[in-house]
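Here come two complexes built around chain A, the first alongside chain B, the second alongside chain C.
Let's look at the complex of A and B:
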């Protein structure tokens, strides 16, 4: 098509001036050589419409810096040192090595000029899920199962559990976790978050087939793990 | 009915003032502030405090600006820009004069014992001069320069053992190593006491059972004096000379320095003392040396939350742990600026720094070990250092967690620009200038679009295709012309002026070989003049040194807006755009007028609409 158009243009250029104007395939009106297009009054422009532009910045949420993630995580483990947190978290294939997780969380490595990762990615999310699971199960064991930690000293499950909680009993306990991980009351959550997590709780408890944890403990671990890796927990 | 925005805002503020319930944006803002100035999300207890009607957010913020989490948050911005860590496998700073190599020999009872020695240590006996203090015939094995040995070991006689070696209670095993009878031996409690941890490989002899109460070293290495007489043998050793039987290296020949200064005193902490004196050792408790093996010095390994909270650590040779402390020096230096809300320009211009025990040992005894190399030919044999050892505070090498301020390192010091970590991370003059240009002026070198043609023009500020960047880069890099590349040795004008007559090409053979060609640029040398390497584009910058660059950058109009840009982008989590220009300019003006203080800048950003709205996206339903 392009070559045809060029050939046509060349043809027009070689034609005598008394030939009529030609309309090229591009739609451009080509005047015969030596002729001018006579001036004519322009059509008035259409009236301006007004469109309101929102010029405010549409920023993506910031990723919580990896250092903050780590400090928060250690704090949720009861303020343990990294080595102690590792010792508590490992076992039952729940936690690997810190070195496996640190780069995935987006820490820069200045030794090799690897920059900080400021946007989330699937490996980062999977790592947070893995770390969250270890945290929640160990906290269940410590706070709810053995109940060796006084209520006031519990970092995660700072409530007394009930067997098969109804919606109201669930909501008050869920609010404790919601404040811990997302930093505000569940009642202010913009969606039907409590309902959805209650549904999750019941679904997990219903499918429970026995094991080290009871159905309610497993369900709380699932709710906790889901909140730890909630986007609002790692974006701000 | 839609309420005007201002009315909604006023009602919200009124509600807050009267202690009404917090809104979701309030909680989000508080959480963001907590993440940025407390270093973690708020706890439930802190949320409960926040929900109290009497809670004063301004007061809360003010008390946290200046806290350790705030300091770490702001330091991270510059740590990310400067990236002051070295690659793990980089073999930097291994001068043989400070490294005690480790090997084993058999004592008179046939028991394997450790022996420390310095490679190339000068000894009066020719058969052992420049190598370990026993011949292969005496111990049955040939010991290489790094302590590796081959052959079948045989017991050494007690007489010979006592003649050639001595047992020392070293600094790494005894806190009171300077006493006549050291007794305070290292034990696991030193971690809490000094922040210093040894693995058991350094506590026991090679049998793994016998406690190590001292280390056996060759007698010359154990010598104490700070100076030694220059020793000239009259030997002339050349490459290609045969290696005498029973030796692993050629006999050391006399250096030009030794020939010129035979019999005179020279410093034992300088390379010349090590190369040219049989009287120079490692000093009291071997404090002028580092053991290279076994790897018993436990180093924090992955430290995103600081060296006191390592995520991993590993025992390593002491020679390797210096790089960790070089990095920590820069961190502590930056922390002090942000902690005390000092003038941010100090990052580049301050003569001060902070050191702990290992760094004090480094600056007092080790730093000058790389001086002066070939410059000795030009008469430069006693280092004029970037960090004057006389200003180093009294700290024992094992005092890892004790940090002290050094207010003035000396006339050549300039913030991070003269710290070992910066000078090694950015080895060349141009690298050094580039990172400063980028991190503190927020500018980048971008080449113009030009067709490159072959050129013999050595001046890159003129060569087509190069000039667009190098016109700016070369004069900046000239400020580093007096600091050797990949090193921190200072090249003083007293010995190495910008142009040195004896290095010109006036002689029949042209520019002399050796030190002249090492330190002076042959491309800019004529029959009447020469130019110190790196100084050709701006000779005066070479004499101003890194302090000159610091002055130029901090007084440039780009400096304050660049600080604002770096800090604001980090706190907002996004790039500043043209819409932010007025805000950025106002912040920069206030920052400049307020004496370049970081705390008020950060406060302005954290309380700005831009920060509050940095994450104004409505959350999606999960």
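Let's look at the complex of A and C:
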């Protein structure tokens, strides 16, 4: 209000004067009729509301082509060639030949004249899920069951496992996997992701006592299997 | 009932009739089932839908010297060619119809379909989407996707396409109906099979629940949630497929043992397992649409001699499906049989030339026929070709004048039969009321 009144007075003064005010080198304003106007501190600018900057991605997210998903799988699990991947994954009814799955994966299959599939579907998810589960289990066997594999040489599970980890112990190890598969720290994930995966870990570990893998190893296999199929891993 | 209530009901019914759109062929309850069959390669319609028995113009009919007639159930020599089969509904059929002739009074045969193409890819796309390819790209979704989008989104698997040329095009479709497209039924079951030596089905169920929740949360936060929602619905469908007896029940050996009426050692070999899969999946109420393709009809050379036998096997498969549906109760409607609620559309990309080429084969020709077996369609023939060229003749008055029927009209009519407005999806095509009951 005060600012407005001053502005109005200044406007009136300007309109009445024949000459414009000048500013002396000292900074003091000299009015046209000669009287001095003492400098005064300006009022702070009026506060404005909080402005939210929308930094979200504006481009529509798209499912990556099947080749990209496959390449990601091969890269994650040790830079495998496709043949190495199935040789590693097969056995114990975990996986078999690539050729059975070409069309199911969305790849063009010239044997059956099937073109590329442009959208993900349930069969594609199931097929990649089967492949992911197989490679995760094989990685457990390589990284964790073979105790002699040095930490630096571990491809996926580059941490020392503990039996029945608490939330903190789980989170630090989960973060290693999260960075591998999704490319950023788990703490930056937009959901309560670590809690969800910890719940999965505990549920799976509680169900498995004995077997080919220990309860904790099986639980890590489940966490790994979920991460390779995570929606964020399928989009760009 | 009081008189006033009765009058109200009558008035309501009249109003409903008055507002029923011209294209509508009836209501569209979401417990109908659909089977789409593609005869890959381009079939010879002179051997089944549009029989030709005399040499006239370009027409060079099948004879015992250019066709293997041994094993053809309905080949009967007459005048140097064969004697056409007839039905009370006015059909004239060739011997390639095989055992489907037993069901002749239920067949709707559309002849003289103007294809305007002799390219396999374009003809296949035109027959299944109603649009020609544009620069190689498919412009509209195929009929199975459209039906699944309207009537199948609540099913576990809205649409399974075993080599069927399904096309999912556009943004306005429900992501749940993205076709589950596989090369064989076996590939489908392999994808859902899991080892029991490490993780258990309960573990996998927990994983899919987690992934469904993650996709849900990401969809909420996303500016463009469609793809996350698509992944969410697909993950949500997985537990039933991974944990049930799905993989076991749908393995090819099990299906072959359960459905011995299909020919698994003929021209199509194991491809006929897709028919067994369709029946089993419909019976279990886990699909809405099944599409499959049976190939081998591209007979440019000496293999034209077996074309009629191949057709007989194709239609034998279809007859086998209909006969099974006749004796199978509807999974959700008490007292109803499946054949009253299952609709079959059979298409090919084009037909073959009326004349034989120097190799004894027939090449591509821009005419076509389609077969529909559906309680919503009027049995009998529709459309025609000329007598000397086997080219389509005018089938009636359309919005753009008199012209032959074309694939978009066939597909629009199929949509209209279930109360679906074709204009919601298709640029071209008119509902042909004469085809509907």
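One rule holds for everything that comes next: the second predicted complex is superposed on the first by the 168 of 236 C-alpha atoms of A that agree within 3 Å, B and C clash if a C-alpha of one lies under 4 Å from a C-alpha of the other, contacts with A are read in each partner's own complex, and residues count from 1 in each chain.
Heads up, the rule we're going with is that contacts are C-beta pairs under 8 Å (C-beta built on N, C-alpha and C of every residue); 3 or more make two chains touch, one makes a residue touch a chain.
This one's a predicted model, so the numbers in the text were calculated from it and none came from an experiment.
Residue contacts after overlaying the shared chain place A:139 against neither chain B nor chain C.
Legend: residue contacts after superposition of the two complexes on their common chain; A:102 is shown touching both chain B and chain C. Look at A:92: by the touch rule set out above, it reaches chain C but stays clear of chain B. By the touch criterion defined above, A:120 reaches chain C but does not reach chain B. Shared-chain residue A:193: touches chain B and chain C both.
When the shared chain is aligned, chain B comes close enough to touch A:70, but chain C does not.
Once the two complexes are laid over each other on the shared chain, residue contacts for A:235 go to chain B and to chain C alike. Shared contact residues of chain A, touching chain B in one structure and chain C in the other: 56-63, 102, 109, 111-113, 118, 190-191, 193, 196, 230-232, 235. Residue ranges of chain C in contact with chain A, taken from their complex: 40, 157, 163, 168, 175, 178-184, 186-188, 190-200, 202-204, 206-207, 210-211, 213-215, 217-218, 221-224, 226-228, 230-232, 234-235, 237-238, 241-242, 295. If you check the complex, the residues on chain A that touch chain B are 55-68, 70-72, 74-75, 81-83, 98-99, 102, 107-113, 115-116, 118, 158, 176, 179-181, 183-185, 188, 190-193, 196, 230-233, 235-236. Those residues of chain B that touch chain A in the shared complex are 22-24, 27-28, 30-32, 34-35, 39-44, 47, 72, 76, 79-80, 83-88, 302, 304-305, 309-312, 572-574, 577, 579, 610, 613-622. The touching residues of chain A, counted against chain C in their complex, run 56-63, 92-94, 96, 100-104, 109, 111-114, 117-123, 125-127, 129-130, 133-134, 137, 190-191, 193, 196-197, 200, 203-204, 207-208, 211-213, 218, 221-222, 225-226, 229-232, 234-235.
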